[in-house]
Amino acid sequence: MNRKIRMGMIGGGPGSFIGAVHRIAANLDGQIELVCGCFSSKPEKSRATGESLFLPPERVYASWEEMLEKEALLPEGERMDFVSIVTPNHVHFAPAMMALDKGFHVALDKPMTFSLEEAKQLAAKVKETGKLFLLTHTYTGYPMVKEARHRVLNGDLGKVRRIYVEYPQGWLYNDCAATNKQAAWRVDPNRSGKAGCMGDIGTHAFNLAEYITGLKATEICGELQTFVPDRLLDDDGAALIRYEGGARGVLMASQIAVGCENSLKIRVFGEKGGLEWRQEEPNTLILRWPDRPAEIVRTNNGYVSGISAYNSRVPAGHPEGYLEAFANLYRNFATALRAKLEGKEPAPEALDFPSAEEGVRGMRFIETIVSTNNTDAKWLKLVE
Amino acid sequence: MNRKIRMGMIGGGPGSFIGAVHRIAANLDGQIELVCGCFSSKPEKSRATGESLFLPPERVYASWEEMLEKEALLPEGERMDFVSIVTPNHVHFAPAMMALDKGFHVALDKPMTFSLEEAKQLAAKVKETGKLFLLTHTYTGYPMVKEARHRVLNGDLGKVRRIYVEYPQGWLYNDCAATNKQAAWRVDPNRSGKAGCMGDIGTHAFNLAEYITGLKATEICGELQTFVPDRLLDDDGAALIRYEGGARGVLMASQIAVGCENSLKIRVFGEKGGLEWRQEEPNTLILRWPDRPAEIVRTNNGYVSGISAYNSRVPAGHPEGYLEAFANLYRNFATALRAKLEGKEPAPEALDFPSAEEGVRGMRFIETIVSTNNTDAKWLKLVE
Amino acid sequence: MNRKIRMGMIGGGPGSFIGAVHRIAANLDGQIELVCGCFSSKPEKSRATGESLFLPPERVYASWEEMLEKEALLPEGERMDFVSIVTPNHVHFAPAMMALDKGFHVALDKPMTFSLEEAKQLAAKVKETGKLFLLTHTYTGYPMVKEARHRVLNGDLGKVRRIYVEYPQGWLYNDCAATNKQAAWRVDPNRSGKAGCMGDIGTHAFNLAEYITGLKATEICGELQTFVPDRLLDDDGAALIRYEGGARGVLMASQIAVGCENSLKIRVFGEKGGLEWRQEEPNTLILRWPDRPAEIVRTNNGYVSGISAYNSRVPAGHPEGYLEAFANLYRNFATALRAKLEGKEPAPEALDFPSAEEGVRGMRFIETIVSTNNTDAKWLKLVE
Amino acid sequence: MNRKIRMGMIGGGPGSFIGAVHRIAANLDGQIELVCGCFSSKPEKSRATGESLFLPPERVYASWEEMLEKEALLPEGERMDFVSIVTPNHVHFAPAMMALDKGFHVALDKPMTFSLEEAKQLAAKVKETGKLFLLTHTYTGYPMVKEARHRVLNGDLGKVRRIYVEYPQGWLYNDCAATNKQAAWRVDPNRSGKAGCMGDIGTHAFNLAEYITGLKATEICGELQTFVPDRLLDDDGAALIRYEGGARGVLMASQIAVGCENSLKIRVFGEKGGLEWRQEEPNTLILRWPDRPAEIVRTNNGYVSGISAYNSRVPAGHPEGYLEAFANLYRNFATALRAKLEGKEPAPEALDFPSAEEGVRGMRFIETIVSTNNTDAKWLKLVE
């Protein structure tokens, strides 16, 4: 199949941060081309965005329903292969469901849906249709996160005992919703869902810990806060977590940690070793040992694992950043999709991207941690 | 009073880590001289230690009771002014009580006592006798910890919202009690008390957060673990903490965090700014702001507060370490003691050392966090 | 002009590192599309690369001469707008000259040419033809490098006194030419030119210092080494540099600094302040002041300069890396080219990319520093 | 010999930085006691300092000549064992010569003397008298510097190729001599000697490189600057250095590097590995390897060398700082001196302190680097 994979986009109009990021990420490796989109619920904004992206006017749609309808009618050599949905949380479920029903593969920004119930339905739909589904938990795309997971699953650290994962941000430290479009929907329960901070970034932290350790969280004991007056959703919180196999975790997420940018960090300690990774310096993975010096593992050196090297593009010392991590999700998804379109079995490394299962886990985490504030029970279960 | 302050020591014989540290710390500024000691419960070991410290044989005692008895009988120009007690936790209470009763001022290693009940009695005795009492929460002695406290109390960060304090160590990651004397008593409930990790280092973390923020913890929700098989005390734990005024904290302490050395770290976020300090790079204090670059505040630059400069000895860029922090406790204590011996009121900066109140807080923390494992209640109170 | 800018490529076939980087960089912002190429001097390799890039076979050429000839004959709505030349150094001059003569704009990897004489001719040709010319000194594309330059030119640091620029790498620490294609041509005088290390990375360091400070180096006193036996070009060297206005610099570059990856770093000190930037943690710029804490300036925060923000894509805390820096060169070049193609004057920020003047400076630096080894004179001039 | 070693001090009166440092360092380990001093050329100041140090008035002298005369007349059980000379550079030679002649061992602050000629004479006197001589190149006292030296001499890095040593400070960035006593004598050729920056800190950098690598510098090509108007000595400079065996070095020292504190740093690269050490984070030594992750070697872990552990006092993770490094010099010197006084051969680890040979090397470095500004020759020899 000697052509690029064709992507349509829902959302990502003027003022969207994440839409542009998705486009760069999809574009970066030259495997995907944007062929159509409905970038805004306001047709004129959608048109203007489409034009700035050099799309033909007839492939820029006034509504996502129209787009899914019309694209489905195009011949196979022309219509989009998958749709990337980058709208606020309350507009995830409906277009994703319809896209799957119309036969499109789907890439979806996290958290998966507005509610856990929706997430379960969507996951069932993914299974039913057999389409590929990408949930963009970006941080799992970093080469050193792959390396971390490889090391843990390989047993280098021994049985996992202790997990610390934290995600402090500061940008919502005051009442900025009126002036910041990105803030506005995130603090609005009608668009964001039951959780604010925990939905926006807590889910990333939760996912990262499960991805790296391969362990499922089983119980949670937490507390959420809303520090900014009149805000309707949590802007901070922390939880103790019990994992299967006896490991214990602490998860901390905050959007009022003044002056912090995007400081996702994880530490894992096992019986034989420990590791540490920080998103803001993502090409470094620290490994700690009981009886020899800590090691500074760095992206794409000769000594890293195959899966880590596979998710790198440039020689060691040439920093790979957030967009490259994001692009890894799209590239792996596109590689798997290409195989599927060619009737082949995708390689295991191509299937290494977050999907519906991770999405349901994230929604369950959100609903559960929100519940911790409304009950006297110390521990709430995170499993079915 | 043109002489050095005279110190006696109980504990600190062969194989003791903390005894030698106390001696260096007391010695460092040339304000205190060691004049007598009972360094071990084994007289021959005590004698050998005394000799290596160039003490006259008659001032090296076979038991601490003998020492306190005999020193009290010496003329004022000769007998020790205060005693430094550096024994394991179960031998804190009795010698401290007797020393106070005999008219000596007391320096005591933390945690204060074996039980909260003892701590309360000891605090009452301190109050009753009017003697000076130093509890060596070393980490409050660092210049940048003083600076952090100054900044918070000065309101630079605004009202405190969020506190993260963590203390990962790795040295007890396996069953080392048989071969490591330092480990042996710390994991033995008969010598250490109700808590292992939480008594040894959790108390430091707890104290540091209260010291820097000036806030009292009011409720705690935690869980302790014992990861190493057959160990009798906790070697790891974490807690959510509520502070007065609405601030929220997370406290994490572990002695099984493989490869970590002594990684005490605190972050505090207020309505207007945040700060971050790490014990392993103690001369740096990071201040974070919402709308301007983070600042790297460094020990003893011209711009630091008076109280911070007062606790420094060398120009900026000449690292001050753990022993200097420890020495600050002794120097401040000695300065206050000198004033007292001269019949003067100690200056406020001389009284800046942890004392009985902090000791009782620490013991209450230990007893409470141990209780969190034995109850279904989510939140336990940390106040009277 | 509602279409993407059309790029052709010379070089960048199998095993090329920098060719793929150029393609990603050009592709990243969706402003440029690759339309043709001659990727290898071996036609079958060129074809295979073209196919993997989804190019139509008729736009994949067997030689660069053929490509330039045939593209020039295509109608304006179809032919490439510019050519990107990513071959080893000895194949820079001829295709660049011909491309300009054929009316194409040119992007060229550094160093500009094989010799200073060629560089001067090429610069004259650029001037004569009036075409846009991009020389990919990647490191000037980083947002924090832009910020650094802005701060210096703005006078924040005062008059510049002292510059330290260093570029240690370790990958050529042993005789790896036989097994590493990237190494092979770089250590071959017939393909690399007069210098090895200094041509490959010394020029980047030299360029970065001139870019950030806005100062021209006037004299150089240096020494080159070849540490690896039987190597024919320098693999290490250092120089003292005199800049106009009295500033003094040290330049260090090495490819035998074992274990170093790509550690370009610059420090500039003026009469009022200093700055520090490291390529391996590129989103941080440290500013130092005499009487207040050092500041940690970070990419794309609200407080950074306009030119720095213009060269960023994602919010603060989402690391931008090497590819984004590279993409900035292409995006700015493409923006300027679009303006030119539309008959408009490019905006100043679009013209912020290295060009022929920087290329000639770099070649002069190479020829001069190589000469320092062959003369007794202490200082050699770096100006006409 | 069951007593402390007895120290006298010349210099170190009010306003002296380094005098207090020497006293703390000598005092820290409880092996040395200060017994007498002449702390200032002004008798009343000397008396006041002596009193604040709890010295008996009869052991506080009005002139250093008087002190050396009178101490020499005291009985052996009472008189000082050695004298510590902490005066400005122009008052090093005479008291050191006289002290040796009077039979005292000597500790002397660096640089050794005012001129190379004096240094040679003093070294000859040391040899002639057979007394112990300590030159306080403090930075060689750090445990991780010991470890670095051990690793290089042990061959872990292979044959040394490249050395970078740098020492940027910022405190003399402007004309502060009038208000800063420490600055005043350092920038005064009558008290400091031929060099300013290079004498004060360049010598430390030079010494550190020779100490760690065990290599002697043979030739130097440098340039000094005086950036601050009307200053009479250099405040900045850099040099290329050739070492025996073919290694090459760069030495950079500056006191106008605004905002830098005391940023001594060294990197050494050999054929098999590299190392990096920074004084401002002194408990970390980075080791770099070609084919495996860099290692973070940390003070006093179980894996460090014996000589490094011998120069540590507290467990890993308890930072040892500048004063501890300084104290190591005194402790080693005192240990060697005790052996000597007891008629024993000092252990090799006790003789690990800088002495007269290092002092002469330092003075030769100063005289040579100053000469580089006054000659057209590119390379000046650094050997006899």
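Letters A, B, C and D mark the chains as written, and numbering starts fresh at 1 in each.
We take it that a contact is a pair of C-beta atoms (placed from the backbone, for glycine too) under 8 Å apart; a residue touches a chain by one contact, two chains touch by 3 or more.
What you see is a predicted model, and the numbers here were worked out from it, not measured in a lab.
Novice: Going by the stated contact rule, which chains contact chain A and chain B alike?
Specialist: Correct list: C, D.
Novice: Select the chain at the greatest separation from chain C, using centres from the mean of Cα atoms.
Specialist: Of all the other chains, the one whose centre lies farthest from chain C is B.
Novice: With chain centres taken as the means of their Cα atoms, state the distance from chain A to chain D in Å.
Specialist: Here the centre of chain D sits 55 Å away from the centre of chain A.
Novice: Take the average of all CA coordinates in chain A, do the same for chain C, and state the distance between these two points in whole angstrom.
Specialist: Distance between chain centres, rounded to whole Å: 34 Å.
Novice: On a C-alpha centroid basis, what's the spacing between chain C and chain D, in Å?
Specialist: The answer is 44 Å.
Novice: Which residues of chain D are in contact with two or more other chains?
Specialist: Residue numbers touching two or more other chains: 260, 287, 294, 298, 301.
Novice: Considering only the defined contacts, which chain A positions touch chain D in the complex?
Specialist: 286-287, 291-298, 301-303
Novice: Under the stated contact criterion, what part of chain B meets chain D in this complex?
Specialist: Residue list for chain B touching chain D: 2-4, 17, 20-21, 23-24, 27-30, 34, 51, 53-54, 169, 171, 260-263, 279-283, 298, 301, 313-324.
Novice: In their complex, what parts of chain B are in touch with chain A?
Specialist: 157, 161-162, 164, 166, 168, 170, 173-174, 221-223, 225, 227, 236, 238-240, 248, 250, 252, 254, 256-260, 267, 269-274, 287-290, 294, 376-378
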